[in-house]
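Both complexes below contain subunit A, partnered by subunit B and then by subunit C.
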Partner chain A sequence: MSAKYLAQGDLSAWLGALAQGRRVLVPVRENGAVVFRPYGPGTKPVLTRQADSPPKESVFPSTERLMEFSYSKDAENLGKVALDIKETVNAPATVVFGGRPCDARGFTVFDRVYDTKTIRDPYYAERRASTLFVTLACDTPETTCFCNSVGSSPVDADGSDVLLTPVDGGWLVEAVSERGKALLDAPALKDATAAAQDQAKAAKEAAEAAMPPAWDAAPAAAKLLEKFDDMGFWDDVSAKCISCGACTYLCPTCYCFTVTDERSGMKGERIRTWDTCMSFQFTLEASGHNPRPTKAHRLKNRVGHKFSYYPDIHKGPIACCGCGRCIKLCPVSVDIREIVRLAMELPTATAGKP
Partner chain B sequence: MTTMMNPYLPEIATVLEVIQETPNIKTFRVVLNNKDRMAKFKYEPGQVGQLSVFGVGEATFVINSPPTRMEYLQFSVMLTGEVTSMLHTLSPGDQVGVRAPLGNWFPYESMKGKNIVFVGGGIGMAPLRTLLLFMLDNRKDYKNISLLYGARSPEDMAFKYDLPDWSTRKDMTTVLTIDREAPGWEHKVGLIPNVLLEMNPSPKKTVAITCGPPIMIKFTLQALKKLGFEDDQIVTTLEKRMKCGVGICGRCNIGTKYVCVDGPVFTYAQLKELPNEL
Partner chain C sequence: MPILDELKAAIAKRLPELDVVIGWGKGFDALHHTPVFITSEADLDKLVLGPLSVQNLATYLTRYPKTKKIGVVVKGCDSRSVVQLLQEKLINRENVVVFGFPCEGVVDLEKVKRAFEDQGMEAARVSEASFQGDRCTLTSGGKAGSLPMADLWADKCNRCQYHDAVISDEFVGQRLERKAEDAYADVAAFEAKPLAERQAFWQEQMSRCIRCYACRNACPLCVCRDQCIAQTREPNWVSQRTGVEEKFMFQMIHASHLAGRCTECGECERACPVGIPILLLKRKNNKEILELFDYRAGIDPEAKPPLLAFKVEEEKINERGW
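And then the complex of A and B:
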């Protein structure tokens, strides 16, 4: 299918059409932050900047019910209590509109863990299947952006179904996946002129050129392991961390969770919620032992997982999409780029294993 | 394992029997309510399962009955945290959730034709029990089998119902020890690593399998090294806080290895390859 053109004036018409029978999540301003919320009449999408929180909730809600359970007494034998459990998979048809390439690419990091040859997380996999990404290519990088250093770019279509590129008066609209093609069959979209296509090509080149110079993160995999026992290094780079976990909650690739039960009377539910590896409780064992007892150990695991363990397990890809939110929104300005750079550049103290 | 099943959904099981092993350890014998699934249930010695008390949560325990004895699945639970406290209130007939089998298992195939030395401390005897019974049920596959099992006191010895058989069988050697003298105790007194050195097992064509509290493991490894055991002749099983049990939720990793799927069983040689984060 050839590329389409969406005029700025036709944006709400297309969003309205996409929202027929689906939820469409768009970035909107809310209490001073830009976050993804369901589109409705009158919604004003903010398409001029990266949203503060990524659209992670679309496929991986911060809280979701995994199953319901209920106990019931046997009227013939009151000492006998039966248990029933019911799986509760919920996968509404969804379009995530106006996320950035880093946001869509974040889920490709999830895919290698949540839906594999040996394991399939049905909650994740079914929502992944029911969710499409209409992604907006970036034109102006922020100072915290580094997607080009983790194998991506500001115009990367990996993980998206449709890619929008800003051109005069609107956007060039290109289908990236088969599923994306179906979204382009809409009256609001016109066939793109050759001029619009040329403009989009130039815009993509300009966006890539506008990025800060890329650095090679691949050597970090070995260097971070080499620094595993160099706790002086980890104490230094984690010194200002306040263990708030904002970096993990705002990260498009952080996928760790916890599971808890809530019970009221004879009924209840088992719930999955985002968890953060920056918390002391994350690995705290019932005995009181904690394999990651300090924030230095925990930051080491977070950086190590993204730039060393994950690439090692999955043969290449880094578990970071370079969106820069963990840098931009960290209350004490911990900078993961700096930690990775220092891990690669500083000599390793060789005190040996304690 | 069926890959397309919901990996978080437990099977409902019924508690058949509860055994008070020690003042703080109870054993639960459970059967899956679905008779067909129970009949077809397959696992390997050393694999673990998650027990659920709905409304409180899930925790991981080794299945300490062997797959050669399938009348029930046995889990032994030391009273420690929230889930174990609730498990300790259960009675026969109560309903629990079971997600099993999870994780890897003891490499019993590669142990065939070898001498086996089990060294268990406290609740760490549970995973060893599975493999020991499995080997006794396949006795001709293995050469000499010896067991050193220690606990703090006679009251802290679990699996007392197994001990008369293990102590009197002609086809295995059993040494029991406690930390301090106690009235009526007729076996060894002394810390496990010291008693192990006294037993002086030869490392020749031998595999040592050990599990127990961290401090015991530490000194048992030193003792085994002193006896001449190579790193790949020593097998142990690890514990970590777990949630999903299937390698997703992100808390039980040591570097690239997830204890819930790549473990819990590791050789000492494998452990030495891992980053230092036990």
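And then the complex of A and C:
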């Protein structure tokens, strides 16, 4: 299918059409923060900047009910208790509209973990299958953007179904996936002129040129491993970290969770909730022993997982999409770019164990 | 001598007896400062000071063993946290060296972001920023703009009564001796709203919360940290669910545990990545504490905080007369 054109004035018409029978999540402003919320009549999407919270909740809710359970006692024999369990997969048809390339690409990091040949997480996989991404290509980077250093770009369509590129008076609309094509069959979209297509091409090149120079993050994999036991290094780079979970919960690629049973009386639910490796409880063992007792151990895990262990397991890709939220929204400006750079540059005090 | 140079000289003088001095350095862009940890004289070059020195560095004091000798640079508001930590014996006076200076105030980066956005400029794309006199000048995306500082100061600075550190071992510069009024007008205005409106307000605000605990961990007086009651599994006081109820419950826990202790440094609200105005909850408690006990936290290291004391008959609490 050839590319389409969406005029700015037709934006709400298209959003309205997309919202027929679907949940459409768009970035909106709330008290200064920009977060994804369901689109409804009158909703004004904020498309001028990156949202503060990524659209992670769309496919990976902060609380996902895995199952409901209830106990019932046998009236004839009170010692006999029956347990009823109901699986609760919930995957509403969803379009995430107006996220950035880094936001959509984040889920490609999830996919390698949650939906593989050997392991398929049905809760994740079904939501993933029911969610489409209409992504807005970036024009100028923020000071914390570094997608071009982790194998991506400000106009990367990887993980998206439709890509919008800003052109005069609107956007060029291109289908990226087969599923994305279906979304383009809408009266609000017109066939794109050759001029609009040329403009979009130029805009994409300009966006890539506007990025700060890319640095090569690949050598970090070996260097971080080498520094595994160099706790002096980790104490230094984590000195200002206050061990909150803002970086992980705002990260489009952080996928860790915990599972708990929340029981009240004779019934309850098993839920999966976001977890963060910045938390002391994350690796706290039942004995009271904690293999990651300090914030230095925990920050080491976060950086190491993204730039070393994950690329090692999955043969290349870095588990970071370069969105920069962990830098921008960190209360004390911990900068993961700087930590990775220092890991590559500084000599290692203690050699890593074989 | 400029204040920054005086400060460097003061730190250089005390550094030999200290394990580390915590101050502010340049951050990742022209609108950010970030904590720096000075252990050698060469590190002093990293030090900066100004309206972007927003973080309350007193929050790091309890992250070191009490036996470590630590220096900390404090704004007036931050110094109150040090006083409170001393009152609660959470730090050893002889192991902490406090560096004070006359603080003109810090900016609220949310205000900076919004004010420049109104001029069609993005603070997140800043290339240059300067704070000269009463103007803030910003260059972003090839455009330059200027705003009066009066529009950008953090709210806490506009009502500040303690520009000069209330406790210090080394004070550099001339004391400002300035005091604004603070009659908790913001709390009173919020309380005047109907209950349903207040409830709807918090429902909307807390629905944005990602429960990252940045508010808790940035707080200099939230010292339970890894042992926080909100996260213990045994006993399981707060459910793992991420509904508004659980999130608001945590804010109630935070505010209650801070009652009579909170010095209103505002770090909880500043640290929040999604802009939830949670300082209002703590100010509500402080308003009550002021009315009941005529007490503001973190002013006098020798004073007994009212909730750490016991009186059979409180002067302003009618316990038996109903």
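Criterion: the second predicted complex is superposed on the first by the 350 of 354 C-alpha atoms of A that agree within 3 Å, B and C clash if a C-alpha of one lies under 4 Å from a C-alpha of the other, contacts with A are read in each partner's own complex, and residues count from 1 in each chain.
To be clear about the criterion, contacts are C-beta pairs under 8 Å (C-beta built on N, C-alpha and C of every residue); 3 or more make two chains touch, one makes a residue touch a chain.
Fair warning: this is a prediction, and the values are worked out from it, not measured in the lab.
When both complexes are superposed on subunit A, subunit B and subunit C fit side by side without a clash.
In the overlay built on the shared chain, the residue A:297 is in contact with subunit B alone; subunit C does not reach it. Judged by the touch definition given at the top, the superposed model places A:53 against subunit C, while subunit B stays out of reach.
By the touch criterion stated above, A:20 is placed in contact with neither subunit B nor subunit C. When the two structures are aligned on the shared chain, A:33 is found in touch with subunit C, with no touch to subunit B. In the superposition on chain A, A:121 makes contact with subunit B only, not with subunit C. When the two structures are aligned on the shared chain, A:240 is found in touch with subunit C, with no touch to subunit B.
When the two structures are aligned on the shared chain, A:350 is found in touch with neither subunit B nor subunit C.
In the superposition on chain A, A:305 makes contact with subunit B only, not with subunit C.
When the two structures are aligned on the shared chain, A:2 is found in touch with neither subunit B nor subunit C. No C-alpha atom of subunit B lies closer than 6 Å to any C-alpha atom of subunit C in the overlay. Within subunit A, the residues touching subunit B in one complex and subunit C in the other are 258, 260, 262.
Within the complex formed with subunit C, the residues of subunit A that make contact are 30-33, 35, 48-50, 52-53, 62-63, 140-144, 236, 239-240, 242-246, 248-250, 258, 260, 262, 271, 273-274, 276, 279-281, 325, 327-329, 331-333, 335, 338.
Residue ranges on subunit B touching subunit A, taken from their complex, read 1, 3-4, 6-10, 12, 54-59, 80-82, 84, 93-95, 97, 214, 239-241, 243-244, 246-256, 275-278. Of all the residues in subunit C, the ones that touch subunit A in their complex are 27-30, 32-37, 55, 59-60, 110, 113-114, 122, 124-126, 141, 204-205, 208, 210-214, 216-218, 225-226, 231, 233, 239-243, 267, 270-271, 273-277. Within the complex formed with subunit B, the subunit A residues making contact are 66-67, 69, 71, 79-85, 87, 89, 113-114, 117-122, 225, 228-229, 255-263, 268, 270, 272, 275, 277, 282-287, 289, 291-292, 297, 301, 304-305, 308-309, 312-313, 353-354.
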